[in-house]
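One structure is given below, represented as structure tokens, and several questions about it will come after.
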């Protein structure tokens, strides 16, 4: 699979290589996963996405694990197998237990179901839900 | 809007009315929102969805607010305006602050973006992300 | 709403007007619904979509009501409010009872749920399901 | 692929194993497909989804084959490869002929197309389609 | 509609107001559309999205009109009515003629259709399409 | 993968084989890709989709490369891996450079993000965007 080849460290531009190095440093691992190696064809986009991800996923009003759960939820609804796999792994690395995973899936499945029911019934938004 | 009329208390069957009463009791409000009034045409489905929702959204390994955030995320990815409105309201009722809402939206937006990039690049799932 | 104005009979081109007349004749009603009036800005697309729809939705190996149920299912999954409304109305006109509507919604909701679970679990397709 | 390992009969809990046995008994086959083996990590969800599926897909106002066609339609719109494969196989087992499959695909494709046109044109729902 | 109120100039924070002013200056209009007024509750996200949009939509290897057409296509597939409306208007402002609009819709509709067919048929990617 | 077997030239009906020949002649290649070989089980649908694609993707008010970019955008939003791969290849064959590919992806990613923000915020369409 792949619409572009994955770039090895040697094949990547110096700009992309610098982002790979930052990924390694911040994650304390030598492994750079396929997403970043594919994105490296556009070093500016690579840097922009990586840096934004660092900011968005950092601890804040929501903790990083909650953010990963939300990420898995969106990726599931969008049917993105890559993102489901990578962010399920990330959620586990941040402490997601099997029980939390099971509940996450139950909520996602519940939401999918009521999304469809609300759409098929054409339910109008209640006045009190409007800001 | 609506592919079925919303059922008032008077128009609902006794079975549906019993679910309305349970909604009122558990939520400690007299208000029954449009989703349940539309679903009431199928009292069995109404009861089943309502009861499952009670179980799925209850405190467990994940707390109820986190579950609402996940619900909003799925509903957003699916483009379900009704569910986005109702579960954003529910999240607020369970304690979502404006700062949490802002971070939630930032994570959803980030996920949407990388979902698309991973798909457009056709990135293969890394062996290490497979269970 | 609308990214283009709906074309009245007077505003439509003769080619578009001819399709409107065909819609009226085949449906035995004077009413031309908004979808066709919006599509009429491109008379060739209007004719092509209308004619294809006549062929695809005609009785064949599947009966027209079953085809409408499938149409509602796709429109729901895609979150297309217009199509959900128009094809729910079409399904009723072709004999969909409230009980059939209720079962249709239950199947759609079930599918949405297991679609999400299969995706979130990253389940590999069984060999025996491959042709 | 897979965000969780598939559970063999030996690895599954007694509760999950009981559902596997029920699947075998009701389907009169020894084969338990991957979806259920992945879901078995959460035996309660496994039982709940399996039992609900039995109820929802049973003969009623709609016959079981029609329900499978609807299931394939939703799964296609959601881009769930697993569900498309498993429910296409199920539809065949319930009598879907190649001609029916071809017409199903034609209806799905038609719906996808007009869903997009209605959305891109922003067509407002006709008053007469509202309940 | 709206899960947050739209912020008027007076209600917006100085940081958000500064972005509103930049929008006015770059677009040479006094009008600030609803999207930015809703996003203004998170001034940092407002600035980040606005600035990124300026960069992404600027002339480059692709011209700005082509970028707007792509934007409309994505928004249509996602069923985002707001984005379909705002970017169809933007495309017109950048020179999209009715003939171009008609062809854009025809391509989107064609893609939707073959996307569904490829998914329903489970077509494997040809080796020669892999990078 | 595949819910139907791919049809070789020998296995295809004369009607399907005639379309294969037309594909070869118009594309000046001996290769017929998997999509058409899967669709060949329904020769009428095969011919209809192939001929429509020829018309829709032909030069017109938009040039063929722009149409391929739009096709990739829709296919990405729909998560159709097959279509992403085949139309990325087609875009390259029609002149898409790596710089154009990078900008295409940036626009798609931007649109995905703002689609989600507009939906999560429930932003109402501005009067001035309505036709």
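Just so it is clear, A, B, C, D, E and F label the chains in written order, and each chain counts residues from 1 on its own.
Methods note: a residue touches a chain if its C-beta (ideal position, glycine included) is under 8 Å from a C-beta of that chain, and two chains touch if they have at least 3 such contacts.
The structure displayed is predicted, hence computed values, not measured ones.
Colleague: Interface check for copies subunit D and subunit F. Shared numbers divided by all numbers used: above half gives same, below half gives different; which is it?
Modeller: different
Colleague: Through what angle, to the nearest 5 degrees, does subunit A rotate to match subunit F on its C-alpha atoms?
Modeller: 120
Colleague: Which chain's C-alpha centroid is most distant from that of subunit D?
Modeller: E
Colleague: Just give me the whole-number Å value for how far the CA centre of subunit C lies from that of subunit E.
Modeller: For subunit C versus subunit E, the centre distance works out to 26 Å.
Colleague: Averaging over Cα atoms per chain, report the distance between subunit B and subunit F in Å.
Modeller: 34
Colleague: Would you kindly tell me how far, in whole Å, the mean C-alpha position of subunit E lies from that of subunit A?
Modeller: Comparing mean C-alpha positions, subunit E is 21 Å from subunit A.
Colleague: Please output the residue numbers of subunit E that touch at least 2 other chains, ranges allowed.
Modeller: Only 1-4, 45, 49, 52, 74, 76-81, 84-85, 88-89, 102, 104-106, 108-110, 112-117, 119-122, 125, 129-131 qualify.
Colleague: Testing understanding: with touching defined as stated, what is the shape of the graph linking the protein chains, line, ring, star, complete or other?
Modeller: Contact map by chain: complete.
Colleague: State the interface residues of subunit D toward subunit F in the complex, per the touch definition above.
Modeller: Touch residues, subunit D against subunit F: 79, 81, 84-85, 88-89, 98, 101-102, 105-106, 109, 116, 122.
Colleague: Going by the contact rule set out above, which residues of subunit A touch subunit C in the complex?
Modeller: Checking each residue of subunit A against subunit C gives 72, 76-77, 79, 81, 84-85, 88, 104-105, 108-110, 112-117, 119-122.
Colleague: For the complex, give me every residue of subunit C touching subunit F.
Modeller: 1-5, 48, 52, 125, 129-131
Colleague: Which residues of subunit D touch subunit A in the complex?
Modeller: Subunit D reaches subunit A through residues 1, 3-4, 41-42, 45, 49, 74, 78-80, 125, 130-131.
Colleague: Given the complex with subunit B, which residues does subunit A contribute to the contact?
Modeller: Counting only subunit A, the residues touching subunit B are 1-4, 6, 31, 33-35, 38-39, 45, 49, 52-53, 56-57, 60-62, 66-67, 69-71, 73-78, 80-83, 85-89, 97, 99-100, 102-104, 106-108, 110-115, 117-126, 128-130.
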